[in-house]
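The following block contains the structure, expressed as structure tokens.
Per-chain residue numbering starts at 1, and chain names A, B, C and D are given in the order in which the chains are listed.
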Amino acid sequence: MNDFLFIFLSFFALLGAFGMIVLHQPVHSALSLIVTLLALAGLFALLNASFLFAVQIIVYAGAILTLFIFIIMFLNVKESNLPKEPNKTLYLFLGGIVLIPLNLLVLRAFYAMPLLREPLAEDFGEIKPLGAELFTKWLLPFELISLLLLVALIGAVVFARKDEV
Amino acid sequence: MIGLTHYLVLTGILFSIGLVGVMRRTNLLMLFFSTEILLNAVNIGFVAVSKFYGDLSGQMFAFFIIAVAASEVAVGLGLLILWYKRNGSVDLNSLQMMKG
Amino acid sequence: MSIVLAWIVLLPLCSFVLLGAMYLFSITQRRIEQRYFTFVALFSPAVVFVLGLAALRELMLRGHALHYRAYVWLHVGDYRIDMGFLGDKLSLFMVFFITLVSGLIHLYATSYMNKDEGYGKFFAYFHLFTACMLLLVLADGPLMLFIGWEGVGLCSYLLIGFYYQNNANVVAGNKAFIVNRVGDLGFLIGLAMLFFYGQSHDFSYETLALHIGAVPSEILTGIAVALFVGAMGKSAQIPLYVWLPDAMAGPTPVSALIHAATMVTAGVYMVARFHFLYDLVPHVGIFIAYIGALSAFFAALIATKQSDIKKILAYSTMSQLGYMFVSVGLGAYDSALFHVFTHAFFKALLFMGAGAVIVALHHEQDIFKMGEMRRVMPVTYATMLIATLAISGIPPFAGFFSKDEILSVAFGSGHYELWLIGTVTAVLSSYYMFRLFFVVFEGTHASHSEVHDVDWVMKAPLIVLAVGATFAGFLGLPELFGGKHLIGEWLASWRREAFHLSHVVEEILIALNVVAALLGIAIAYRKFRFYDRRVAYKPEGIVYRKFYVDELYDVLFVQSIQRLSRFIAETMDKKLVDRVVMGMSRGFVAAGTRIAWVQNASVRLYAFIMIAGIGAASCYLLAVLR
Amino acid sequence: MIALGCIALGAVLLMLLSAMPKVRMEHCSLFAFVTLLIGLILTLTSFGELFTFFPLPKFFHKMLIVDSYSVYFDAIILSGALVTSLIGTHYFQTKRHFKKEFFSLFLFSVFGMMLLVHASELLSAFIALEIASLSLYVMIGFQKVHDKRVEASFQYLVLGSLAGIFFLLGSAFVYAGLGTTILGEMGNRLDTLMGKDVSLVIIGATLILVTFLFKISAFPFQNWTIDVYDGSSLPVSAFMAATFKVAIFGFILRLMLVDFDPIRDTWDTLFIVVIIATLLYGSFLAIIQKSLKRMLAASSIVHTGYLLIAFVSIGYAGESAASSIIYYLVAYFLSAMGAFGLISYIAADEHVRVTYEDFRGFAHVHPYMAAMLSVFMLSLAGIPSTIGFVGKFYIFTGAIEAGYTFLAVCGVVATFVSVYYYFKLIALMYFYPACDSDWKDVPSLKGITPLTIGLIALAIIWGGIGNTFIAYFPGVDFLIDTARLSYMSLFIK
């Protein structure tokens, strides 16, 4: 069952990603991206990461993507104003070729990995141990993330506000 | 039996699709979309490894990466709006003032 | 006491800073009167000269080299480089004549540059140059030498382009700069190799000389050639000489000090300084000697066709430098330095005399527009005559002894062809020098008006130098004349092997040299003694037709030589050498422009390049990882 | 550690302060300056001692480290920032587009850089890098009125985040291979794995290197450098060129020396290719530039090449190579900061006095400034008796010691070529008559900015000549010895 789910979800993830890069209209791409994100959320669930499953749906699909779509609506770029993308297939092809070595390399590395799995704790990936870990061991990155978001906030404000000068 | 390897291969393929997206699209918005795909690909990898080792660090990584992605998107979109208001274009090729 | 060596370098440096500050103050804040500049400009060289003498005396008293280690400059592990000054017989010998000649030229320049806007700046650069030159000479290791080497170069460019208002001067400065870069690249590579292979605990001549024997001989050859490439640039030898004639764009005192007496001899000094290296690779020495001989001959040929007084002197400098390289190449460093010494006197004198003429004629440099200057400026005339005789090699003037020594070394070494080239060059040099002399000072029917003689501040150094040009040769009086070869003894350790010639052979050689010089003078006399400005441009005039000998000469030597020299001057010099050297820098720029298309500010292309780079790295890793 | 907290606190406070209408920009500038100064003083109290410890292990779990090494880098970064704020004073005052928040972001980026040097865990390092980078993106695009600024910011953001993702992917691989991301532990695990297949770790580490090669602008990740430096305002360019590189090297050196030591040989060939390409590309580009700023940007690529030469030498001549990198970073920081700072002082606007030609005959009008500019150019070119020479000297001797004579020769050749484009400016300033343009708007040499620049020029000469004239005053030897000390502190268990 898990294997089937994996194949099913990863198929959709890849399909969505592929759709995102070939579709011309930003909105279509965004919707396609949502498919990928949701499929990935499913994969998180498969991997015992229930908290991430929620975060992925709420934050990623819910917040970040909504922001994107909001921006798309806000800008409301006309079809004629959309950038022409000549030689699409050429770039697709070129990009594919350039990436072949990297993929081969990754494959080569992973087949060397042992398939043995350590036995998992009962509550692995549940919210309680995750929270405990986050606020004990990972306190520093957590605090740093808050500063990062602060910087991003200032940045967004700086760029988006009107100049008084 | 689906193992860690398969997840990491998925990571690799998704990552490649994202990279192709970066190279192929001229729409600035799409550039950010591609970046999101790249980040998600990495996330899957981290979470898979996390399960493999029975260690929560990987999930933490994924969690933080989502936050980093959000902050980059915030600044990036701010710039995008600024650029669009000024030039009326979301074309990557309009960003070619400096040459030589 | 050896700290005096440091002061010899520091004092001109201090006066450079002082003069520079005064000049800056003068142009930005309040005008400073010229006499204050003059005071500083003359005080410092005088003191440095005295210091040089003191160091020389100290060296004689002690009997071994002075060495002053100022401080540790760099140290890596147990490897250290000192900032130190070495005062041995060679360097103090150089210091002696550099300070003497430079002092006299400073005095001369106070008059030459009189009322010039950049008076202060000129002397500031001049002092910086003196400091760098003395540093070059007194350095105790190659690295310090290199600082001096670059420093004199820098001053040279600055002074060539001194009158930067004129575009030609700027071009000349840039040309000197670029050509010297090529030479310096060789020098740097040589230094790097020396550094790499000659490693021990420090990088001074002393330790290098001790450890050089351990270096494989192919490497030594490489180092020797690379260093010599540097010398080619600095001392204007084939093929890196093109900058020197153009460098005459600078004020005449600059030409006299930098491009005749001191800086251009740095290459010779450097080879002599590295004699421990060149002694081990005699075949490189032969190469150097041939380059020197060819340069001497080519330059002399070119000089016979020039009409700009300073260019003639520039080519003659190059020619004389060629002689010096013949000598160092054959291992007779002492003879080369002897020639450096005498050459400093008579060449500085020639330039200063030429400068006096130029000033007298309101900055006219074409010799065919001069003539009959003897009447107007008798002192200059007399001193120039001495200098011309000296460079031509007429006994007992200074140039005779040193040139004769070099030629006998060439003969004694068994390289007769070098000797032959040298002798032919001697004919040519006495010819073109007297051509210049006759045209400028004799001749008839000069048409220039309003000539005024120069003042005594300019003439006094001429007289002093004339005395030097007359008697400096006696310091190296050969044994044949019953003298003691003082310079030979002083620099005894700077001779690879002694060439013994029997007295008869030596006498014959001397006689041949004198004959060669007289031959050149005779031709020049025939052609130019009664040179008439009005008929100059009519070669078919009756006066010329009368002499069948002349015609014969003309056909046999002059015409063919003229053609050859024109060919060299126009085709070889301008097209080939100029183009190769200047072309290199242009080619680099062109290549840069071509790759700049990648830099087209397209984010997508940049991303593509990045990812392609990662792809390439992956290919590499795929190949490496097993 | 306290310094780190001090900067972070200062940044947050400044952000809050800048919301108040009463506070003017000058106040913010002063506040930032004082914060940096306090940070620097706090850092200097433990400068030159040998120690290492993990602060607050209960809370931070070995994710943060404080040792002589990081303190040394802190000192460089903080003084870099301090100098930026000093030489930028004039610029910020005359250009009205800088707002109060600018200084808050400035402090944030300094904080990010310091954190990067202190980071002892891959993810924390990444977040530190992101804090520094994000603040820089915003700082670059701060003058929104210029399209050039926005474009540079955009370009840097897009390419920078792309490069950052490689860091993440690399960490995922390393995590997959080793099961930990804490520095030190990673090294230990790697040691136990020796002899087995560690290709996953190698690939991961290579991908991590990609990000750093991008940030220090090595080939083939260098294209952004020129455009972004050109598009940024001059003080920001100076800050990026001098300080950011320092921080990056601070982290990557620690990673390479402590953790990836056993697998470092794998990259040797790769690095040699990268170095040669970097030197070539940078030299070619620098030669053809007409604008001074772009030339400095292109030449910063060449300087990256020199630094990488020392970086590969680490394998065989660890101590001297590592300390030579640190020393060269100081040398480059001084020279580049001086050059950028002085040009920012002279160039009044975006289109005035930016090309070589604009400096024609400058020396005859403003001799002091021309002299200082010449000193910076000489030092960048590595002419003896400047600090740049000493830095290059250490790098090349290190390379020769490690057996990379060929690289050293390449470096010397690149140096030689660099003389061309650096001296071109000197030649133009001195050899030519002053061009007709109006020189009146060049500010006179008054105020804090020229003073700082003059001091930098003196420091450059001081560093090149040595320290024996006045004993007990820190000079080259002191810096090098402390660099060695900080290198040693990496290996205290």
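Rule of thumb we're sticking to: contacts are C-beta pairs under 8 Å (C-beta built on N, C-alpha and C of every residue); 3 or more make two chains touch, one makes a residue touch a chain.
These are the chains along with the protein names UniProt gives them: A = NADH-quinone oxidoreductase subunit J; B = NADH-quinone oxidoreductase subunit K.
In this text the structure is predicted, and so the values were computed from the model without any measurement.
Engineer: Under the document's definition of touching, what chains do subunit B and subunit D have as common neighbours?
Structural biologist: Per touch definition, common to subunit B and subunit D: A, C.
Engineer: With respect to inter-chain C-beta contacts, which pair, A-D or B-C, contains the greater number?
Structural biologist: A-D
Engineer: Taking all protein C-alpha atoms shown, work out their mean, then name the chain whose own C-alpha mean is nearest to it.
Structural biologist: Central chain is D.
Engineer: From the mean C-alpha coordinate of subunit A to that of subunit D, what's the distance rounded to whole Å?
Structural biologist: Going by mean C-alpha positions, subunit A sits 32 Å from subunit D.
Engineer: Taking the mean of the C-alpha atoms as each chain's centre, how many Å separate subunit B from subunit C?
Structural biologist: 65
Engineer: Calculate how many whole Å lie between the centre of subunit C and the centre of subunit D, each centre taken as the average of the chain's C-alpha atoms.
Structural biologist: 44
Engineer: State, to the nearest whole Å, the distance from the C-alpha centre of subunit A to the C-alpha centre of subunit C.
Structural biologist: Going by mean C-alpha positions, subunit A sits 71 Å from subunit C.
Engineer: For subunit B, write out the residues touching at least two other chains, lowest number first.
Structural biologist: Within subunit B, the residues that touch at least two other chains are 4, 8, 11, 19, 22-23, 26, 31, 52-53, 57, 60, 64, 68, 71-72, 75, 79-80, 82, 92-93, 95, 97-98, 100.
Engineer: Listing for subunit A: what residues touch at least two other chains?
Structural biologist: Counting only residues that touch two or more other chains, subunit A contributes 94-95, 98-99, 102, 105-106, 108, 110, 113, 138, 141, 145, 148, 151-152, 155, 157-159.
Engineer: Can you tell me which residues of subunit D touch two or more of the remaining chains?
Structural biologist: Those would be 123, 127, 130, 134, 137-138, 141, 144, 151, 154-155, 158, 162, 173, 176, 199, 203, 226-227, 288.
Engineer: Among line, ring, star, complete and other, which best matches the way these chains touch?
Structural biologist: Basically all the chains touch each other, so complete.
Engineer: Sort out for me which residues of subunit C touch subunit A in the complex.
Structural biologist: 608, 611-612, 614-616, 618-619, 621-622, 625
Engineer: Residue numbers of subunit B touching subunit D in their complex, please.
Structural biologist: Interface residues on subunit B, with respect to subunit D: 4, 8, 11, 15, 22, 28, 31, 35, 38-39, 41-42, 45-46, 49, 52-53, 55, 57-58, 60-61, 64-65, 68, 71-72, 75-76, 79-80, 82-83, 86-87, 95, 97-98, 100.
Engineer: For a test of understanding, state which residues of subunit B touch subunit A in their complex under the given definition.
Structural biologist: Residue positions touching the partner: 1-14, 16-21, 23-27, 29-30, 32-34, 36-37, 40, 43-44, 47-48, 50-54, 56-57, 59-60, 62-64, 66-75, 77-82, 84, 88-93.
Engineer: Could you pull out which subunit C residues touch subunit B in their complex?
Structural biologist: Listed in rising order, the residues are 596, 599-604, 607-608, 611.
Engineer: What does subunit D use to touch subunit C in their complex?
Structural biologist: Contacts found on subunit D: 151, 154-155, 158-159, 162-163, 166, 199, 202-203, 206-207, 210, 214, 219-221, 223-224, 226-227, 266, 269-270, 281, 283-288, 320, 361, 367-368, 383-385, 390, 393-394, 396-398, 400-401, 405, 408-409, 412-413, 416-417, 419-420, 423, 427, 430-433, 465-466, 468-469, 476-477.
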